[in-house]
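Common to both upcoming complexes is chain A, partnered first by chain B, then by chain C.
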Partner chain A sequence: MFNSTGNNFGAGVIGFKDVREDGYIVLNAKFSCSPVAEAYRAATVLEIYVPELNISRSTESAVVVRFKETDSYGRLCDRGTFAKSWIKDNRTICIEKLSAFDEFDEIIIYIQALYCQLAQGSNAIKGTRRAITAISNGNYLSFDYDNICVVFERWIFFHMMFKSCAYKYQKLDWEAYFDGLPEDVTADVPVITNGNYNYQNLGGITESRIDEGYWSLPASERGSEFGSSSNDAFSFAYLIRDVVADIVGRLRIEEATIFGDGYVQMSEFDLELSAAPALASVCGRTGQYGSTQCKVYPKAVPERMPEFRAFFLATNLSGNKLCIHLVSMKLSGLGSKPQILFSAMSGESKLVIAIKDTSVAVAV
Partner chain B sequence: MIMLNVTATNFGTAPEQIKLSEFVSGNMLFLVGEVHIDATTEEYKAARYLTLTVPDLPFDNSRISAAFALADIDGVMHISLTTIRIKDGSTIRIDKVPAYEASSPYMVFLSCVLFPANCAFETEPQQAVSVALDCTQGGLTDAECYMVDGEGWAMLVLNAASLVWEDEKVVVRLEGAEELSAEFVPVIYADNVNDALGSKMYPGALSNGVLTIERAGAADEPEGSTHKFFRVFIIK
Partner chain C sequence: MIALPSIAFGGFSGSAKGVTARFVGGRSILSVRSYPTGAASNAQVVRRASVSRITKSFKLLSDEQLEGWRKLAESAAGQSVFGQKAKLSAINLYVRLNSNRAMAGEALLSDAPVVLDDVPMVSYERVVVTPSKIVFCGIEHQILPFKMVVKMSGSQSAGVSNGWSETVIVSSDVEDDWGEADVTTLYLKKIGVAPVVGQKVFVETYWMNTETGVTGQVFKDCAVVETMAEAEESGFQLRKRVLLEDTVPESSHVSAFNLDFSTAAPVINHEAVLLGHSNVASSEVVLEEPLDASTIGTSFCVGRGTGEDGNLKPQSYIVYMSNFRNETTLTYGHRGGQYVKPTEVFGPGIIY
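This part shows the complex of A and B:
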């Protein structure tokens, strides 16, 4: 995290969350400013001055700029759009100044963007799409197939695509648990909606909230056009996770997907061992319909992680996901080809499970 | 045995109604006991997660662990899993079980261990011993039982292909587990792993190493029922 050291458009100090990686930086900030301020009017590009970044100049990214307004009938007419943003030098973040906002007393800018180093080759990172399953009371909220996130160690890409709301909930506050979204993300995320009668050059925008794995959108934030147009409302954001840096040599294996032979795989895998005496905590899911075993090969195992076996409780991943399985897990082959073998113990003919459990790690 | 000092909840159950035993050993927090939950209260409905306020927890975060959720549905006790973790230094978080809210009240039964994340760079697995089973009433077929005997705690795992009832009970002595007792041991099975209501269970109890499993009026199991198993943590 860091604070801005200044800007050329009359805003106060801006607090940033940041993730700095080789060749790119992810920045999160939300702040307001006044387009009628003298400094803002004088600026041609909005510049934010910051302590030294790891990027000397970047490709163009996008930030959301919006204003809040209520019309004479009391309807919300919050409007906004995306504006270009880039890093000009390692101490200056730039945001395109759009004339559409010049007459408003206050605008809100959301920086939830990833900036890549310009003109520097590097190895591309390929993320894995993770579906987000929205769980609400009676499933009154539904979301599109493209309601997804891509999870990295310290940040995520988030793409929400709203579909519909059951009629009797349309005027109530909305809340859904986003199963699949990391619970360590806390952010106000703009939602791009449709419909605009007063400002033809801008789109509708409102603000959702993400915290503790929940997505919420109060009724007081939603314009009348929300969910009633032919266009789906959506969000598009790079969000920073509230993670604590690993201690050196942490006994953890975390991989979005660990592959085995053929189509065998374990998804959302996260294993950690405690200090002695060893406990093992495991999260993950797999669907082996033709076998009672799932053998996968982690890419890397911490040097000091020992071979072990553990007995876990898991839930059935098909049906209503309520039935309980007893599963054995064995980590072996360290040093040559490490492998993790999950075996159904409770008499099933398949291994279609989700594990979220902690057990005792026992010697093999 | 030390009772967990719960000073508040966010789901309408009075703290004095929560009877949880705790045992702390190094980086491990063992929790055993029941939390009864009335899903019809306004507090429950307003809560995203169920939280127990416990001053002075031994660590300020934990990895996730599993807890049992039990509901009496049309006279049959069903069982599933929920999750538990330490959210901060004074809060334990348990996930709600929406599937059992219509059968309120439901119960969360804790028999779990928690440890803080990001705390180890060296460790050593523990020794599990195979436990010999001596049936004194009824029987178990194709059974295996393992025990990890810690200082002040133990983990027991039992897995059997089927139970042979005698006077609606199975009584079995676990050799080497004479110092272990537990008021409630859910012996889990499923008629069908896709059952929309979850697994079923036979109530069991362990007294000085003698495990008694009650049939409790359960109907005959259909062909294809799963094994009968449990994994419990016991505070000595």
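This part shows the complex of A and C:
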């Protein structure tokens, strides 16, 4: 985290969250400023001066600029769009000044952007798409197939796509648990809609909140674009995780995808063993339709991790049908070729499950 | 020529039929006028013409302008702005700076520059020379008005240790593109023959301030010509990007296109204007050359109305890449926001 050292448009001090990686940087900040202020009017490009960054220039990225307004009928007309933003030198972040906002007393700018460079000596590295399953009371909220995130150690890419809301919840505050979204992300994320009337050159923009895996959008923030259908409401953001430094000696195996033979794999895998009392905590999901077993091979296992077996409860949500499974997990073959075997102990004759449970571990 | 009774007694000076005699330090020196061998290249003709034109234009300067050049020449001699300390006359400095400017395509400078700023040294990580690609990598970027002058030789025996005298100017206005400068086309145009694997190519580079014409210290380098496989083995990765000219126009729905994979990050950089097609909320881009399978993936990016009619509607796009029958198609599918045509997409987009 760092604070800006100045700017040329009268915005005051701006606080940033940052993730600095080799050759790129992810920045998160939210601040407001006044387009009618003298400094803003005088600027041709909005410049934010910051302590030294790890890159000295970047390509153009996108930030969200919005204003808040209520029309004479009491309808919300919060509007905005993407503005271009780039790193000019290692102490200056620039934001494109759009004349569409010149007449407003206040605008809000959301920087949830990744700034990258080109010709870095190697090509792009591929991440892994992670679907986000929205869980709400009675599933009154539904989201599109492209409601996804791509998770990295210290930041995520987030693309939310809203679909619809059950009629009786349309005027209530909305909240859903986003299963698949890391719980260590906390942010105010702009939600963008069509914006059908007033300021037709811009999109409708409101603000959602992400906190501990929950996504919420209060009724008071929603314009008329949020009726029963989506109007293609979406969010697009690079968000920083509040990652706590790892504790040395932790008996933990965490891999985005842990592979087995053929097409067998377990995704979002996170296993942790505590010594006394011997408890194992496991998260992960797999879909073996033709088998009641799933064997996967972790890339690395902590040196002091013993072989053990534990039983967990797992779930399978299919439409409105929720199945509970008892699953056995056995870690063995440490040293040469560690392997983890999951076996269905009850329930259906397939292993299509999501585990998120803590259980007593027994040495084998 | 003043012909004296006998040249054996000295005092013989002047020129006749290509022979010039001069009397220096008590000795008579005879020299034969040199003529260029072979036909002059276009660049040589332009260069010689520009020097002649610049020299003539010096006579047209006002007294004030002449005085300015005289003063600058006095200070320039002590500043070592050309890499070596030497006394310069006003006309000498005028011709040199303006020749450099002409080389970079700049107009004639009549008023002497106020000061001759220091010109930075060229710094880059490596120059990769293969028969198909000649690329400077990791150039320490200099902002305009600095441009890089690149001189290179043709392939020489690997045993040659000093071949910089064989270098010729390949380009005088190289601007690095994100620290990289691909001079393959320029090299082939100038040298005429592709570098030969196993042989050596000599390189000289320096920055030039195109406003003042002042050049920096010459950086001498040489590279043994490698195969592309050898270059890749030693860490060079060909920059993967797709430009508008790499697309099939009749099958693509874009008016601008620059997709760059060379981020070394989990994103690719989008820069395109999507025109859309028929009644589908998407634009397709068909590539002339297929992308290799390792590059193919799915990406997301933001879009915005192009603003020509004031429309700045924000949108999101999913980008599907597919290889089918040895042809790569990129589909920019509209996802969020209000779909408008045309739309500009930009910025880093995640790839998976």
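Criterion: the second predicted complex is superposed on the first by the 282 of 364 C-alpha atoms of A that agree within 3 Å, B and C clash if a C-alpha of one lies under 4 Å from a C-alpha of the other, contacts with A are read in each partner's own complex, and residues count from 1 in each chain.
As a convention for this text, contacts are C-beta pairs under 8 Å (C-beta built on N, C-alpha and C of every residue); 3 or more make two chains touch, one makes a residue touch a chain.
In this text, all values refer to a predicted model and were calculated from it rather than measured experimentally.
A.B. asks: Looking at A:Ile125, would you say it contacts chain B, chain C, both, or neither? Reply first, second, both or neither.
C.D. replies: So A:Ile125 only meets chain C here.
A.B. asks: Examine A:Ala233 and indicate which partner it touches, taking first as chain B and second as chain C; both and neither are also allowed.
C.D. replies: Only chain C is touched by A:Ala233; chain B is not.
A.B. asks: Name the contact category of A:Gly284: first (chain B only), second (chain C only), both, or neither.
C.D. replies: The answer is neither, since A:Gly284 touches no partner chain.
A.B. asks: Tell me the contact category for A:Gly80 with respect to chain B and chain C: first, second, both or neither.
C.D. replies: second
A.B. asks: Kindly classify A:Gly223 by the partners it touches after superposition: chain B alone (first), chain C alone (second), both, or neither?
C.D. replies: In the superposition, A:Gly223 contacts neither chain B nor chain C.
A.B. asks: Go through the superposed model and pick first if A:Thr358 touches only chain B, second if only chain C, both, or neither.
C.D. replies: It touches chain B, and chain C stays clear.
A.B. asks: Considering only touches as defined above, state whether A:Gly319 meets chain B (first), chain C (second), both or neither.
C.D. replies: first
A.B. asks: Which parts of chain A are in contact with chain B and also with chain C?
C.D. replies: After superposing on chain A, no chain A residue contacts both chain B and chain C.
A.B. asks: Residues of chain A touching chain C in their complex?
C.D. replies: Listed in rising order, the residues of chain A that touch chain C are 21-24, 57, 59-62, 64, 80-82, 84, 98, 100, 113-129, 144, 146, 150, 152, 157, 159, 161, 192-195, 200-203, 205, 232-236.
A.B. asks: Show me the residue ranges of chain A that touch chain B in the complex, using the header's touch definition.
C.D. replies: 135, 137, 175, 177, 212, 214, 244, 246-252, 272-279, 281, 283, 302, 304, 306-309, 311-316, 318-320, 322-326, 345-348, 356-364
A.B. asks: Which residues of chain B touch chain A once you look at their complex with the stated criterion?
C.D. replies: Touch residues, chain B against chain A: 26-28, 48-49, 63-66, 78-81, 83, 98-99, 112-128, 146, 148, 150, 155, 157, 159, 161, 188-190, 192-199, 225-227, 229, 231.
A.B. asks: Can you tell me which positions in chain C touch chain A when the two form their complex?
C.D. replies: 137-138, 141, 177-180, 235-237, 239-241, 260-269, 271, 295, 297-298, 300, 302, 304-305, 309-316, 318, 335-339, 346-348, 350-352
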